[in-house]
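Have a look at these structures, which come just after this line.
The following pair of complexes shares a single chain, chain A, combined with chain B in the former and chain C in the latter.
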Partner chain A sequence: MTEELVMILDILRGTSYAMTPLILAAVGEIVAERAGIVNIGLEGIMLLSGFMAVVFAEMAMNPWIGVLAGIGMGALIGLIHGYITAYLKGDHIISGLGINLFALGTVAFGIEAVWGVRGYYTPPLEAKVPIIPGIEISPLFIVMILITIGTYYLLYKTSIGLKIRAVGENPEAADVVGVNVELTQLLSAVYGAALAGLAGAFLSIDWLAAITKELPAGRGFIALALVNFANWNPILALGGGALFGFFWTLAEWIKNMAAIKAIIPVTLMNTIPYIATIAVVAGLIGRSRPPAHVGRPYKRE
Partner chain B sequence: MGSLSSLKGKLVLLKGTLEKLVEIIFAIIVGFVIAGLMMYMGGFDPIKAYAAMFETSLSLTDPYYIAMTLSFATPVMLTALTFAIGVRAGLFNIGAEGQMYMGALGAVIVASWTLPGPLYLPLAFIVGSLLAAAWGLIAGLLKVLRGVNEVVSTIMLNWIAFWIVEYARVYVYPNPIDASKTISMPPPGRLPLLIRGTELSVSFIIAIITVFIVYYLLWHMVLGYEIRATGLNPTAARYGGINPKKTMLWAFIIGGIAAGLAGVSEITGRPPSYAITTGLSNLFGYGFDGIAVSLIGANHPLGIIPAAIFIGALSAGSRGMQTTAGVPLEMVKAVQGIIVWALAMPGLIRLIRRRMIRRRGVEL
Partner chain C sequence: MPRNDTIVYMKDIVKVYPDGTVALRGVDFEVKKGEIHGLLGENGAGKTTLMKILSGLLRPTSGEIYIRGRKVHFKSASEALKHGIGMVHQHLALVPAFTAYENIILGLPGKVIDRKKIEELMETTGLKIPLDAKVEDLPFGVRQRIEILKMLYRNVDILILDEPTTNLTPIETKELFETLRNLKKQGKTIIFITHKLREVLEVTDRVTVLRRGRVVGVVETSKATPEMLAKMMVGREVVFRIEKKPARPGEPVLVVKDLWVRSDLGGWAVKGVSFAVYSGEIFGIAGVEGNGQSELVEAITGLRRVEKGQVILMGRDVTNKPPSELYRMGLSHIPEDRQKLGLVLDMTVAENSVLGIHRLKKFIGKLLNMKWKNINVHAKKIIERFEIVAPGVRAPARSLSGGNQQKLVVGRELSKTPVVIVAAQPTRGLDVAATEYIRKILIKMRDEGKAVLLVSADLDEVLQLSDRVAIMYEGEFMGIAKPEELTEEQIGLMMGGYHMDQLKNTSSNRKVLEAS
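Then we have the complex of A and B:
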């Protein structure tokens, strides 16, 4: 193989990793927002689930138990968030902020309580999700693609999807035709948070194979930007996520080149994914439309 | 008649305030109980931990502890204003963290200059708050001109600020003697301590004054009226002749200044480093703590003062909790998170009350 081909394959492989957590969290959030529930706590869910995934994967010495624990942790947070927003008519943003603050403290506390180290822990190799031999990518990348396509199908080709979208667009009308608005919102919030949980597990026991209190590093919020970018459509999130992941990987790759390193220090290059996210979102003004009743509590007259 | 209806209005206001207070106290209790359970599950003694926390934060036996509590209350009081002003304008500005970093960077830039002694302090405050205001304004312009959601843009700007300041710490303003921090503010540029031997400086008084200025601005000045009108209903505000976009920009600028003051006061008024330390460790988190303070303080400047002292007590007491009960000090951040989460459930109290009334009804 020529040097260029190796380089291109390297970047593509890196992109497959960088895009996976973004798309998982974004696709989940698309379902929740389609039902009218905004969750800005994706970042916190990734962090908590990433932590739980390491704890359980290490305990069972089985990465798949860890993946399930991550999903379960996400679903649990989604259940609480959904209950607060759909049933108690609480503020979506404040609940999301609560998730993020809670995660930050709990995980920093948990890392020290469980392993007796401060801030950083690397799980043993047996707890890490194995790569698919031959093609050298993560099985969770394949899972992500399947989930995205499945979610698209669910939203647009099934009656459940129609109900979800109706609740987010016009809850009064959905209510009148007999849709259980609160339950639909609750389950959508659980689904969204569970996928964010899977994204967290992917970060901690697959891609990065470590747990720190900065594990998601803003990815939860980039996923929120991706939801907007994708115009609340899972398939577009797949494409957009690939783009975001590509930029992230390219930046990682460029900043470690000796010639670049000499001119621009790595610390400064670390800003690129965040600047790229702002630039992409700022570039698409007016071209996306959120669900009409998103983020507002539905109160029956 | 007039006085009677105004009395009635005052009573309604009082009732609303009392209800809010009950809600907040309830959330705080929930926070402590759940965090206590988490400590218990982690193999710690929550009673011992909370006792140690109280003794090293609010106990009157040693003024040192109170002073530490107030010193921790100082930055979060200021970053809470950032969030509160945003909420009043209908914005979720969660960018105080990055704006505070920029404020601290501004102070360090001034510290690097060779100046006549008395100029350090005023220039640190001016440069720091201007830099932070500019950082806040970026999110404002993105919102107003390009429709970018401020939740996403402010978090991205926090990370960008983190890496820029970390870059400046390592490459531009490294301390020649101690590689773990930037150059320190020279002694003439340091705020005097209020109590010797503690970390409590005049910055606490500056923070309190800032809170009252913001209060005056929001409730007794035209701009404040416009900010609150925009937050309540931007469409109606526009009909009333207010330009909501301009108002939002001002909310970002003023919020940025408040967060910038927090950063500057950490450099000019916090012994022993008077500098930015590795990984921004002496700044990290004050912006997010400010969100909790603002929400516990009902997003009201005057509520923010006691809320900041409460969060300051948690931070100060977390050290005692760690040494006495062995609980990692990050536990208090989990307490904060649960409190904020519980505050998002206003319906819960109503639900509990309704159930209690129903139960009482059955017993009768």
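Then we have the complex of A and C:
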């Protein structure tokens, strides 16, 4: 194999990892927002779920138990967020903010309480999700692709998807024909948060194989932005996420080259994936159109 | 009391909204199977509230409901639907971003979705719609047909229509009535909410009249007269004819020269229109809706770009000037879509009553503090003058009934002491008393020397009020004349695209032919 080919394969593999958590969280959030529920707590969910994934994977010495724990943790938070926003008509942003703050405090404390270390812990190899031999990528990458396609199908090809989208566009119209608006919103919020939880588990017991209190490093917020860029469409989120992952990996590569390091500051290099993605996506998609009733509580009387 | 052919019986219904508003004070309501039953009442009488209770969207505070003799307690709209009750709402409950087809099947389990059946239904009822077009691209009349089909597809046999004709053109209204009669023949029961007497008399079998949350009477339509219904509804005699002194026009105040304006879709909506409105006259624009009237008004009031031509207000060129500047110069605008352009629904009645004039010294202090006392007095004055039914000046505009929201906007705009009034569909959705009042005010404004530009799809209204009238068709004026100089037939032809010169030509041609 030539050196160039090795390099290209390396970057593509890196891309497959970098894009997975973003797309998982974004696709989940797309479903929630299509039903009208905004969850800005994705970052917090990833962190909490990443933590729980390590705890359970280590306890069972089985990474899949860890993955399930991460999903479960996310679903639980989604349930709370969904109940507050859909049933109690609470403010979406406040509730999401609460999730983020809660996660920050809990995980920083949790790492110390569970493992007696400060801020950083590496789980044993047995607790890590194995790589697919031969192609050397994560099985969760494949799962992510399947979930994305499945979610697209759910939203656009099934009557359930029609209900979800109707609730986010005009809850009254859905209400009038007997759709249970609150329940639809609750379940969508749970689905969205569960996928963010899976993304968190992917970070801690797969890709990075470590838990720190900065585990998501802003990926939850990038996922939120991706939802917008992708115009609330899972397939476009897949494309946008891949693009971002690619530029991100590329930037990681370039900034470690001695020749480049000397002239361009690393912090400037870090902005490349963002700028490049925005430029490409903005050019391709143009104006996005959010669900008409997103983020607002639905009250009948 | 309920008999065998009674299909709906509501007994002693009381509804108190969470904010304390008593909307219904013990209403008995009975509908017979297979009839078209009118529910008549002024703005805020409680018509919508009563029907939302019947269709499961609201729960009554107290009272009983019997459907086909059986007592029911609806907890949601879907339960009412299971009993065959469906409601088509005043503002239509459709998802604009969905296709017609998607809206019809929304909420149904996959098993029962059958496109063929919908197409068959379209055949048998005559309700033709483009199934795959997005609702937001369709005109109001078509959207309403989608709503009706949606209900029929759910096997609804008690169909409730809330003020269905408000946004329809005269032709669409005729078609709707045809559909309703057709549905009645197929055995459906129809409840028709309105405050238009003519419609009640034309299409219903019986009428229940509501006033301020109480039933004032139930009558057989065949035995009813408009005067009697109006009196029941309003509680006093209503004058149908408008008294009008001859106009004494002065200077041209609003001049429009060769105006070209685009529609949202990019085509030309207004194609080189020119006219002048003089002080002391009402200049009316008639025509079937959707012929560029909305775009013309928006261009004049600074809400839409003028591509070519000029708008001159009191001698000053104000083409493409921002609305705020026009308002300062004394332009007052009663917009067509009052919910969207006229009100901030989540703000209070008092706040809405000073929107746009909140910078007046009367309302704002030196420290930019709002003078609430004065604002509340101002709001109360509007409520009183326009007989707005509102829980108070602090209530959110959202809690007012549809018609009362409209009165609030109209009241505010007319309280501005304007020089020019642009009124687009000023009485749409308003009840008899409010309509009468607003028409009188427009005439009073004219007599005080103000220039009034009136755009209305209600032909009677334009012809009665206007001193001069223009008929608009596909973005152009077919002619400008005094209403009394035109015959009904001529107006009809002009609304259908014939130029006034052509009409004169044809009649004189005919004379020539006869002579030879």
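Remarks
In this section, the second predicted complex is superposed on the first by the 278 of 301 C-alpha atoms of A that agree within 3 Å, B and C clash if a C-alpha of one lies under 4 Å from a C-alpha of the other, contacts with A are read in each partner's own complex, and residues count from 1 in each chain.
Keep this in mind: contacts are C-beta pairs under 8 Å (C-beta built on N, C-alpha and C of every residue); 3 or more make two chains touch, one makes a residue touch a chain.
A quick note: this is a predicted structure, and the numbers were derived from the prediction, not measured.
When both complexes are overlaid on chain A, the residue A:Ser204 reaches neither chain B nor chain C.
Of the two partner chains, chain B is the only one that A:Tyr274 touches; chain C does not reach it. When the two complexes are overlaid on their common chain A, residue A:Gly90 makes contact with chain B while staying clear of chain C. Touch criterion met: A:Ile99 reaches chain B, while chain C stays clear of it. Of the two partner chains, chain B is the only one touched by A:Pro265; chain C is not. When the shared chain is aligned, no partner comes close enough to touch A:Thr20: not chain B, not chain C.
Look at A:Thr148: by the touch rule set out above, it reaches neither chain B nor chain C. When the shared chain is aligned, no partner comes close enough to touch A:Thr212: not chain B, not chain C. In the superposed model, B is the one of chain B and chain C that contacts more residues of chain A. In the superposed pair of complexes, A:Ala113 makes contact with chain B only, with no contact to chain C.
Shared contact residues of chain A with chain B and chain C: none. Interface of chain A with chain C (complex): residues 158-159, 162-163, 165-166, 169-170, 172-180, 289, 292, 300-301.
Looking at the complex, you find that chain C touches chain A at residues 17-18, 55, 57-58, 76-79, 81, 87, 89, 93-98, 102-103, 105-110, 113, 150, 154. Of all residues in chain B, only 38, 42-44, 92, 94, 142, 146-149, 151-153, 155-160, 163-164, 166-167, 170-171, 285, 288, 291-292, 295, 327-328, 330-348, 351 touch chain A in the complex they form.
Listed in rising order, the residues of chain A touching chain B in the complex are 40, 43, 80, 84, 87-91, 93-95, 97-106, 108-110, 112-114, 118, 213, 217-218, 221-222, 224-225, 228, 265, 267-268, 270-271, 274-275, 277-278, 281-283, 285-286.
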